[in-house]
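Note that the chains take the letters A, B, C, D, E and F in the order they are written out, and that residue 1 is the start of every chain.
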Amino acid sequence: MRPSGRALDAIRTVSIEPGFSHHAEGSVLIRMGGTEVLCTASVEGRVPPFLRGQGKGWVTAEYGMLPRATHTRGSREAAKGKQSGRTQEIQRLIGRSLRAVVDLAALGEMTITLDCDVLNADGGTRCASITGAWVALSLAVRKLVETRVLKASPITGQVAAISCGLTEMGAVADLDYAEDSTAEADANFILTDGGGIVEVQATAEKSPFTDEQFAELMRLARLGTARLFEAQRAALGTP
Amino acid sequence: MRPSGRALDAIRTVSIEPGFSHHAEGSVLIRMGGTEVLCTASVEGRVPPFLRGQGKGWVTAEYGMLPRATHTRGSREAAKGKQSGRTQEIQRLIGRSLRAVVDLAALGEMTITLDCDVLNADGGTRCASITGAWVALSLAVRKLVETRVLKASPITGQVAAISCGLTEMGAVADLDYAEDSTAEADANFILTDGGGIVEVQATAEKSPFTDEQFAELMRLARLGTARLFEAQRAALGTP
Amino acid sequence: MRPSGRALDAIRTVSIEPGFSHHAEGSVLIRMGGTEVLCTASVEGRVPPFLRGQGKGWVTAEYGMLPRATHTRGSREAAKGKQSGRTQEIQRLIGRSLRAVVDLAALGEMTITLDCDVLNADGGTRCASITGAWVALSLAVRKLVETRVLKASPITGQVAAISCGLTEMGAVADLDYAEDSTAEADANFILTDGGGIVEVQATAEKSPFTDEQFAELMRLARLGTARLFEAQRAALGTP
Amino acid sequence: MRPSGRALDAIRTVSIEPGFSHHAEGSVLIRMGGTEVLCTASVEGRVPPFLRGQGKGWVTAEYGMLPRATHTRGSREAAKGKQSGRTQEIQRLIGRSLRAVVDLAALGEMTITLDCDVLNADGGTRCASITGAWVALSLAVRKLVETRVLKASPITGQVAAISCGLTEMGAVADLDYAEDSTAEADANFILTDGGGIVEVQATAEKSPFTDEQFAELMRLARLGTARLFEAQRAALGTP
Amino acid sequence: MRPSGRALDAIRTVSIEPGFSHHAEGSVLIRMGGTEVLCTASVEGRVPPFLRGQGKGWVTAEYGMLPRATHTRGSREAAKGKQSGRTQEIQRLIGRSLRAVVDLAALGEMTITLDCDVLNADGGTRCASITGAWVALSLAVRKLVETRVLKASPITGQVAAISCGLTEMGAVADLDYAEDSTAEADANFILTDGGGIVEVQATAEKSPFTDEQFAELMRLARLGTARLFEAQRAALGTP
Amino acid sequence: MRPSGRALDAIRTVSIEPGFSHHAEGSVLIRMGGTEVLCTASVEGRVPPFLRGQGKGWVTAEYGMLPRATHTRGSREAAKGKQSGRTQEIQRLIGRSLRAVVDLAALGEMTITLDCDVLNADGGTRCASITGAWVALSLAVRKLVETRVLKASPITGQVAAISCGLTEMGAVADLDYAEDSTAEADANFILTDGGGIVEVQATAEKSPFTDEQFAELMRLARLGTARLFEAQRAALGTP
């Protein structure tokens, strides 16, 4: 049995609570089991230098983890004076994933920054960040449409992410920390509600895996993200 | 009238919710009106190099603010690669304030690190951090006593902090952001339940102030911290 | 037609020249068309702190690009004082990929560092780095076996990498810079000669892609890496 | 008796020697007993970005200590690559203290930077820095008035600083290093010649102190700064 | 006999191969025995801030060494986050040396950056960098003249560099690593084909040396650079 | 005539005042005309890692310049977060120069650090630093001999430094800032009282110079350092 008692294809309880941040244009606190990430969307009326004057907008992300989000205290990146390779990798991934479902030309010369800060960690923080950040982004965009800054939403679809992995029990969906730290392989799937693939990152932690194993991980990811798309729509109050 | 409608000597609604962090030995989410700070206490069985072999413990603190805790997004210190002077000043203050009510010899060769991370900011974040961190520290110490790592608590009293200031309305207690950003002077008082002064930091923002004004700020601080000591005891379930 | 005139499934001319570095235990200059990467393997008789005393070895990698490897001069990371997120992401990938085909316990308490420095860049530098680094690693290990430092090679298989992508012409193998900078999606496949998958990183640059498209990219990767495994064996003079 | 043999309310011999620096618009070497600080005032015809176009000036400070100003050599902050929290705290304090007696609007779009570099340290370096910097600032302003860059001095009063503390002998004025390192509490008072309070920083180093003790420290500070105001006027040759 | 079997005044085999870099405006791979340096010249149509609007150009250099150019692997400066004092000293020297033979006014508002990256090191890397960089610079300038960006070459002469030293065998020319690491003194001479001295850096590694010894080192340097000027001309195909 | 009215071979008034620093084992304030450098020698009973266990000592140096030592304020290296290439070059030179006249084996496992901090700059700061640091070192060593930590002085001779240059007036000794900033060439000579050469750094700032010019600079350096050796002996009270 899985450490959590879940079925192989069962994801953890997901909750997406809007409005946790008082000041952000959009924000949610997303919970995937014991993983809790505060996602905020901040809108600024300008774009980075490399985009200036092109009439296009930008969506980017930053990621952080509170020092005691984890079992033992990790050192604070601000105190160490630099972001780890892992942090940079994750925040680049979040930004890319969201840009895949935003029409940047329709956004216009604006930047939306998604901050994903992990308050409690129990595996899958980058996936929860993407799933939550999409809702925070949607809330911020809704406000821009309501206040007529934008005529229509530049968001072209939903995007959500899930990690699946190969464990002693076989392929399982939505790894928690206990599974993640011992899995033979793990894969992050960032998928759209329209069935598209935005990003796949599959890594053999111990030994190489097969095409069949990879296909099974992908199947679990489709199932799992279907549940996440529902949760996103529920948080936004859309059908 | 004050922007918030409060009486001159009225502090904001305070709530101290233990257990927000899943892994920390002690944690609270403290709210002072719109200011929300997550305080966690992490225990480690060793001390910094300068204390090794002296049989004494250490209590220290780190402080951070999520990028969108504020009205407009601030840049992330981890991304900038250094902590601001303000951040360092605050975390040094929190550490000093807590050490003033801990018998380090009685703690033994252990370090307790208080992480104070501001989730939402509306003025007074350093004071809320101190008040909340004391409860997180007390919870961690309680666990050490319950598990017989310590024979008795090394905490010698309660400590809490409040900012008071001189505004157009005169001296007022517990400044929120609207008041803090326009005050003529502001002062942070870190006081103990036994009537002692741990630290006073009073600063004229516009022009120098008088002894009488200073005495009135101190009076308000005594009143306000009395309320905070109650809230701390309530959070701990002690009389 | 592809900018290079290649067939859709044709990879660029590959050459792997051993011995470019005078001092390294193993080294090659790998060329994939206009991309040239110097890969060196350096052996040290100790392991990083987190592995000490476990009787296991470590394989890690660093990646760099000479400032004028590219069309316009890029700034030197040593001068800027930090490695970019992209650099860190790539060097973590190279290290993981090689560890997937090394039995670290059989290596013993030794570290082998692969340095991959791009002398000329025309797309696919991370893939060329992995393919070349595996040969450099093999040469260093061969020397350790010949000098009886190791009884047998801890290398469990060949690993090679190729990038494939979706362009206006459809799915193509081994993107060069001209294709890479305009592709709708690109994917890096790190595969073993035994048919195993070590890592897959597929990214939609413009819009999400489908399962069928992904499968076609994977098919091209199998074809392409078959050619690379041959080139690796030829460089080592093994059948 | 105090280690120095001074009476409880006696400050150390103070000397303020103008003109130590050959190039600065204003400079003094201030000595408070064995503490020696070189204070220079540098005038620039522009303001920091956050003040541009507002017609106001800026006064700021930087603080440093030569590596061997202390009993044992301290490491050089330039070599370590960052300023300590203590350094930043002190230079922010010096800047704030001087701005409290300068009419920034009357200064116009100019920046005056006070550099306070400790050549020899024997306690009270931040206070000596403030007291000396005010004279350096006054000398620079005098030059601006003499050369008609400014019509009148924007300085609204004198500011000086002194540290007082609670020792085994009771409350004492102007702590030297021997007293400072063992005091139960110490407090820095930054006061104006008009009787105003610019800043108070009182810290319990060992255990909390009382209102009465605090009042006695303040009394000593009034006495001590009266002496410092005289010394400042003497250095400037004003009555 | 010298470790290499060379005569006291014999320099190592020198080869200067143009065109190693695919993208640079000028490039060479220079080999001095076992020392190999890739020198590239990059042209940009602007100058650093301190030169703007003066109608003059700039020539500058950066220097690096691949981690395994040396007998044992050195750490990567980009990973350490800063360039060593040695690196900065060398790149400043290369830039100064080249500027001594360029008429910056005739260059016009352009910057030419010489990147000198050591692929294999066996002593004398800074000298090889200067000698090779002059050829790379000449190739880039030739292209600017051919494309009529410049009317005439702003290069006023040849510059080349050689290290000579005092060893147990007496004064010798063109030290390799074995000699360099044990020499009693070593000196770098940067000379022009017209007989001029651009820079001399002579250092006693063990004990001070005499005027006569210095004169002998200079004589060897004249002989050696004569050979290098020939090699430079051969590489450019000029008489 | 030279800007200062000096004869071509005349150095500036030199004064070397011991004891400026209260705590250092040895210290001097050296003045060469308007250039003033505080040199302190700090003794520590251990050596850097690369020398441990070899029974040898180490002599090293650090260099700094106060922000307003110069005509216009320079930025503080501690605030910028790194030492400039120039600073590193100078402090490496000072360390090398002093080690050339110290028998490190006779010093034993001790480190002496020379801090050279420029209080006022008018050209020639690196030379003044070396000349002064030798006296500070000698004072520290004298104390070690007097307290019997060392049996005899490990100092093998005097070392002093002077800059000479080619100006419109011809070769001149001991450049001040006005000359240094316009010289066609300048050269730093670090020489011993026994007639030995420790280091020569000659640089053509505008166009290459000749052997004859170089010889004349060397002649002036011999004359000038003779005067400096006298001043060093006078400061030490030795014949």
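Operating definition for what follows: a residue touches a chain if its C-beta (ideal position, glycine included) is under 8 Å from a C-beta of that chain, and two chains touch if they have at least 3 such contacts.
All figures in this text were calculated on a predicted structure; none of them were measured in a lab.
The chain with its C-alpha centre at the largest distance from the centre of chain C is D. Centre to centre, using the average C-alpha position, chain D and chain E are separated by 51 Å.
Distance from the chain E centre to the chain F centre is 28 Å, each centre being the mean of its Cα atoms. Among all residues of chain D, those that touch two or more other chains are 81-82. Taken chain by chain, the contacts form a single closed ring in which each chain touches exactly two others.
Tracing the ring of inter-chain contacts outward from chain A, first into chain B, gives the chain sequence A, B, D, F, E, C.
Interface residues of chain F facing chain E in the complex, by the touch rule stated above, are 82, 85-86, 88-89, 91-92, 96, 100-101, 157, 187, 191-192, 194-204, 206-211, 214, 218. By the touch rule above, chain E contacts chain C in their complex via residues 20-24, 27, 34, 38, 40, 42, 44, 62, 64, 66-73, 76-79, 81-83, 87, 113, 115, 117, 119-120, 122.
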